[in-house]
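Chain nomenclature is as follows: A, B, C and D, assigned in order of appearance, with residue numbering initiated at 1 for each chain independently.
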C-alpha cells in the first residue's frame, strides 16, 4: 500500500493505536483528563507546524504561520457566527481562504530568500494582527466570542458527525477530531514529500538556479507549497477558535509564529515527522515543567539551548543519524 | 564551565522550591485555589502581582493555623499556572485546574484568555475570577465568571463625574494602546464620557505597546487641548512615560486612568511630573487601610522583597472565595451552591476601615451578581504615594 | 538549412556598463561551438542570456525559429536549451543517482497530483526515470559513484555530475560553463572525450564557455571569440589560431593570466 | 513640521543604534540575533541598578552596561554560537539557538530584576520649547546627541582601527579574511561582544527616558529586524539609514495619520513588505544577503 514496507506499516499501526486507544486508556487509568486538551493542542499546533516545515522544505524560513492560523480562525468564526455556516464546512473554507491569501502575498514575497523572507513573514504576522484590530468584520479589539460548538452533520438522515453541543464532555471529541486532522495532514505531507513534488522541492531547497535550469517552474512550485503550508495553518487556527469558542487579534501572534518555527527546528528539518515531535516536546515540555513554578521558563529555555547545542539537527537526528532523510 | 554550574545551581534551586511547596502542607487538609494568568514574558507584571497577593495571603492564613470552613480547618494552597498571555495556554491552565480538582480559580488577566477558558470552566464546574472587562463574560448565559475588580465602565463614569463637578472638566481626550483590552476600555470610556455630557475631543489616537517615545503619539492629542486626558487600560509600564511626555509637551490638565498603578513605578518613571495623576486603586491608602491591610502589605513585602500597589485590588478575589465558602461550606465542591449563595452573601470587608461589606454586585451592569463589590477607591498620586481622592460603590 | 540557434545583435547593459555589445552568431545542429575570451569579456553574461537567466537589453536569441530570450529559465529548458553550472551549483545533499532522477523532471508524463495519489502513469514514470538514470550514469562512466552524496564528490566528478544533470533533461542544446576549469591534462582529455561522445552518441548540440585553449582547440568545430563585450572573431580552430586580432588581443592576455 | 523633524531625528538615532548592533552580528556570523532586544533590556536594567539604585554617576553606569553586555555577548558567542556554527548543523539552527537564548535571558531578567517597570531620575531637567512649534526636553536632546556620538565613534572604530578593519574583512568574506591572516574565532567573538555592547549602550541611554521593563525585549527585537531589512541585512551604512527612515516614518505617520490611530504601523509594515518585494536586498544590501 503506497509502497510502505511492512515494518513501516506496523509502526504506523502502533502509532494510530497509541493515539486512538492507548491515550484514552492511559488517561482513564491515571485520571489525567487535562492531558486531552494538551494533546489536542499539540495535534493542532503540529498541523500548523507541518505547514512551516513544508516551506522549510523549499528552503524558506517561515515565521508567518501565526498570520495564517489567525486568518483561519477568523474566517471560520465569521462564517459560523455571522453567516450561520456549519463549522465543518467553515473548516475547509478557512483553510482555502488562508491558501488564497498565501497565493496573493506569496507572489511578491516568495522571491525573497534567507533572512529576508523570514523577516517579511514575521512582519506579516504583525500585519494580520493589526488588520484584525482595525477591521469591522473581525469586531476589532472586542474579538469574536461565544462561537457555538460544532454542530452535527447528517446526510440523508444518517448522522456522520455528532453535535458537539449535545455532548456531555467535548474533550474527547475534540481530541479525536484534532488527531484525525493531524493524521490526514501528516499522511498528505508524507506522500507529498515522497512524491515527485517533494523531490522537486528538495531540488529547489538545495539550488533554485539549478532547479530552474532543469525545467522546474520554481515560482509556481513555491506558490503551491506556500499555499498548502498556509492551508494547514488556516485549518489549525480554525479548529482552535472552535475549541476556545472565541477569536481575538491576539489569539495567534508573533510568539506563535516563532514557536511554530521552533517546533520544526527542534524535531528536525530533515524529517517529515520532526514538527510533530517538536511540537509535542515543546508544548508538553512546558506543561510538565509546571511544577517548577517561577523557574519554569528558566529551565525550559535552558533545556532548549542544551538541545540545540548538542543536537543541532533536531531530536530525530538521534535516531536517524546525521543527514538521514525520512 | 561557568554556565554549567550556573544552570546546575538554578536546577537545584528549582527542585528545592518544587519540593518545598509540596512538603510544607502536612497537618491540615489542603484547600486548593487556582491562579491562571501571565507570570512570565512581557506582561508578567499583571499576573505576578496577582499571584503574589494570593500567595502572601495564603501563607498568612496557614501560619495562623489555617482557614476553617464548615468545621474543617484547611491549609490554603495556591496552584498557579503561567499562561504566557496566550489564550491557548490559558485553556490548558484551566484544564489543569480541573485536573487538580480545583473549583475556584483567579484569573486570567486579559480579555482573550478569559473568553477562551469559559467553555472549560463551565463544563468542569469552575468558578473563575478574571481581570477582564467584556460584559459578555458575566452576562447570562455565561455563568461561571465573576469580575474580580471594578470595571472601567463603572469606575470611568464615577471619575469623570467627580472631575466635572469638582474640577470643572469639560473636554476629555482618550489614548489607548493598540491591543484588545485597552481599545475595548477606551470605547467603554468614550461612551461613558459622552453620556455624562463631556465633550470628547480626541478618541482615535493609539500607540503600539512597544512604543519607546510617546511624544509623537501625544502631540496631536495635546493639540486638541483637553481638560482631561484618559489613559485607557494603560499598563503600569507605559503610564509613567505617557505622563512624562504629556507634561513635557506642556499639558496642564488632569491625567487619569481606570486601571491600577504602582506608586513606586510612577515615582521612578515620571517623578514629580506624575503629581495629580488619578488612578483606581485598592484600599491601601493610609486613610482607608485597615490594620489587616497594613499587615498584608508588610507580609507581602517581607515575602517578596517589595510591594506592588496593584496588589491592593488583587487581594480581594481570594478573600471573596474563602469567605463565601465559609458562609456556604457545601460549595467547597459544588459551584451551584456557590452561585446560589452569591445572591445573598455578605461579610465585613477586613481590608478597609469603616463598615464596608464584601458582597456580590453587578445587577446593573450584567443582569446578575457576577462581580465582587470592591470599594471603588480613586487615588491621586502625590509625592511618591497615593492619596485617596474619593470612594464610591458599585452596584 | 536554417541554424538551430541564432544569437542576433544581443546587447546587455548593467547601468552604464556594457557587458555584451551587439553580438551575433549562429549555432548549427550537432556542432560543438566554444565561446572564448579573456576574463570579463562577457562570456558568462552571454550564456545567461541564451538560457534566459537574465534578460537581454536589446537583441534576441532564436531557437528553432522561436524567440527564447527574456523568458523564464524553466521555459527555455522545456524547449530544449539547458545550461550547466560550475561545480558549486549542485544538489548538495542528494546522491548522484537522485540528482539525475530529479533532473528528468521534464520527461514526466503524469501530473503532480498523479504522483501524489500514486497513479499508474506516475509509477511508470518513476521506473522509467530510474532506468534512464542508470543508463545515463553508465554512459558517463559514473555508475561507481551513483550512491555518493554530491557534497562528498571530488571536483572532477562534480563537473561530470553537472553534465549528467543537464543531459538528464534530454536537451537539444547543452550550454557548458567552463567544463575544464581547474582540471589537469588527463582529466581534461577525459572530459573532452565525454563531451564529444555526448554530441556523437546523443545528438546533442554543445556550446561551451572555456579558458583552456588547447582543450578548446581540440574539441571545437567552431569558435567565437569575445573581447570587452564585443565579438572579435568567429571560425574554425585553425582560423582562430591564425587570426592576428585574436592573437594580439586575446592570447596575449591569457599569457598574462598564466604568468600570474 | 519642526516637531516632526526633531522627533524623526531623535527616534532615528536610537533606532539606528539598535539596528547597528544587530546588523553587525548578522554580517559577521550570519546569525539573526533574536536575543538582541533582551540584551537591550539587560543594558537598561544594569544602568538602572547602578545609576538609579546605587547612585553611581550616569556615565559610569553606562560603561557598566557596556561592559556587562560585552562580556555576556562574548560568552554567548564563545560557548553557544561558535560551536553550533562550526558543527554539522544546517544554517538555520542558529535561529533556534538565538530564540532559546532570548527565552533564557527573559527568564533571567524576570528572576533578577523583577517584573516591574523601572525608571531612573532624569539626568537633566527642563524642556526646550520654541514657541510651541518645537518641544524637546533637554534630556532627550542629550540622549540624541550621545546616540549620534556613539554612532560616529562606532563608524570611526570600524574604519580606522585594526580591529575594525579585521571585522570588516570578516563581514565581507569569512574565508578570504581567514586567508589574509585574520583570527576568525577571535574576531567573531569580539564582533559579537561589540554588537551586544551596542544593544546594552542603547538600553542604558534610553532607560533615562523610557525606563525599562521585561516586555521591551521581544518588541525591540522585532523592530530591529524590520530596520535591518529596510537597509539591507549586514550593511553598516544601511543600518544607520534604516534607523533614520523608520524614525521618520513613525514621526510623520503619527503626526499625519493620528485620526486613524491604528493604521500608522499597519501602513509602515505593509509598505515595508511592498518595498522589499520590489527591492529584496534593501537599500544598500547585496542581493540575497
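By our rule, a residue touches a chain if its C-beta (ideal position, glycine included) is under 8 Å from a C-beta of that chain, and two chains touch if they have at least 3 such contacts.
Bear in mind the structure is a predicted one, so any value in this text is a computation, not a measurement.
Asks: Among the other chains, which touch chain C and chain D together?
Replies: Looking at chain D and chain C together, the chains touching each of them are A.
Asks: Relative to chain D, which chain's C-alpha centre is the most remote?
Replies: Computed centres place C farthest from chain D.
Asks: Using mean CA coordinates as chain centres, what's the chain A-chain B distance in Å?
Replies: Result: the chain centres lie 34 Å from each other.
Asks: Centre to centre, by mean C-alpha position, how many angstrom separate chain A and chain D?
Replies: Centres of chain A and chain D (C-alpha means) sit 33 Å apart.
Asks: So how far apart, in whole Å, are chain A and chain C when each is placed at the average of its C-alpha atoms?
Replies: Here the centre of chain C sits 43 Å away from the centre of chain A.
Asks: If you look at chain C, which of its residues touch at least two other chains?
Replies: Residues: none.
Asks: Residues of chain B that contact two or more other chains, please.
Replies: Counting only residues that touch two or more other chains, chain B contributes 39-41, 178.
Asks: Among the residues of chain D, which are close enough to touch at least two other chains?
Replies: Residue numbers touching two or more other chains: 106-107, 110, 218, 222, 262, 265.
Asks: Give every touching pair of chains, nothing left out.
Replies: Chains touch in the following pairs: A-B, A-C, A-D, B-D.
Asks: Going by the contact rule set out above, which residues of chain B touch chain A in the complex?
Replies: 7, 10-11, 13-15, 17-18, 21, 39-41, 80-82, 84-89, 91-92, 95-96, 98-99, 110-112, 115-116, 118-120, 123, 134, 136, 178-184, 187
Asks: Taking the touch rule as given, give the residues of chain D at its contact with chain B in the complex, in rising order.
Replies: Chain D reaches chain B through residues 3-4, 7, 10-11, 14, 52, 75, 79, 106-107, 110, 114-122, 127, 129, 132, 135, 137, 140, 206, 209-211, 213-220, 222-223, 250-251, 254-255, 258-262, 265.
Asks: Applying the document's contact rule, which stretches of chain D touch chain A when the two form their complex?
Replies: 26, 32, 34, 80, 83-84, 87-90, 92-93, 95-97, 99-101, 103-104, 106-108, 110-111, 218, 222, 225-226, 228-229, 233, 262-263, 265-266, 269-270, 272-274, 276-278, 280-282, 288-289
Asks: Okay, in this complex, where on chain B does chain D touch?
Replies: 2-3, 39-45, 48-49, 178, 204-210, 212-213, 215-217, 219-221, 236-237, 240-241, 248-250, 262, 264-265, 268-271, 306, 308
Asks: In their complex, what parts of chain A are in touch with chain B?
Replies: For chain A paired with chain B, touching residues are 31-34, 36-38, 41, 130, 133, 140-143, 145-146, 149, 169-170, 240, 243-246, 248-251, 255-256, 286-287, 290-299, 302.
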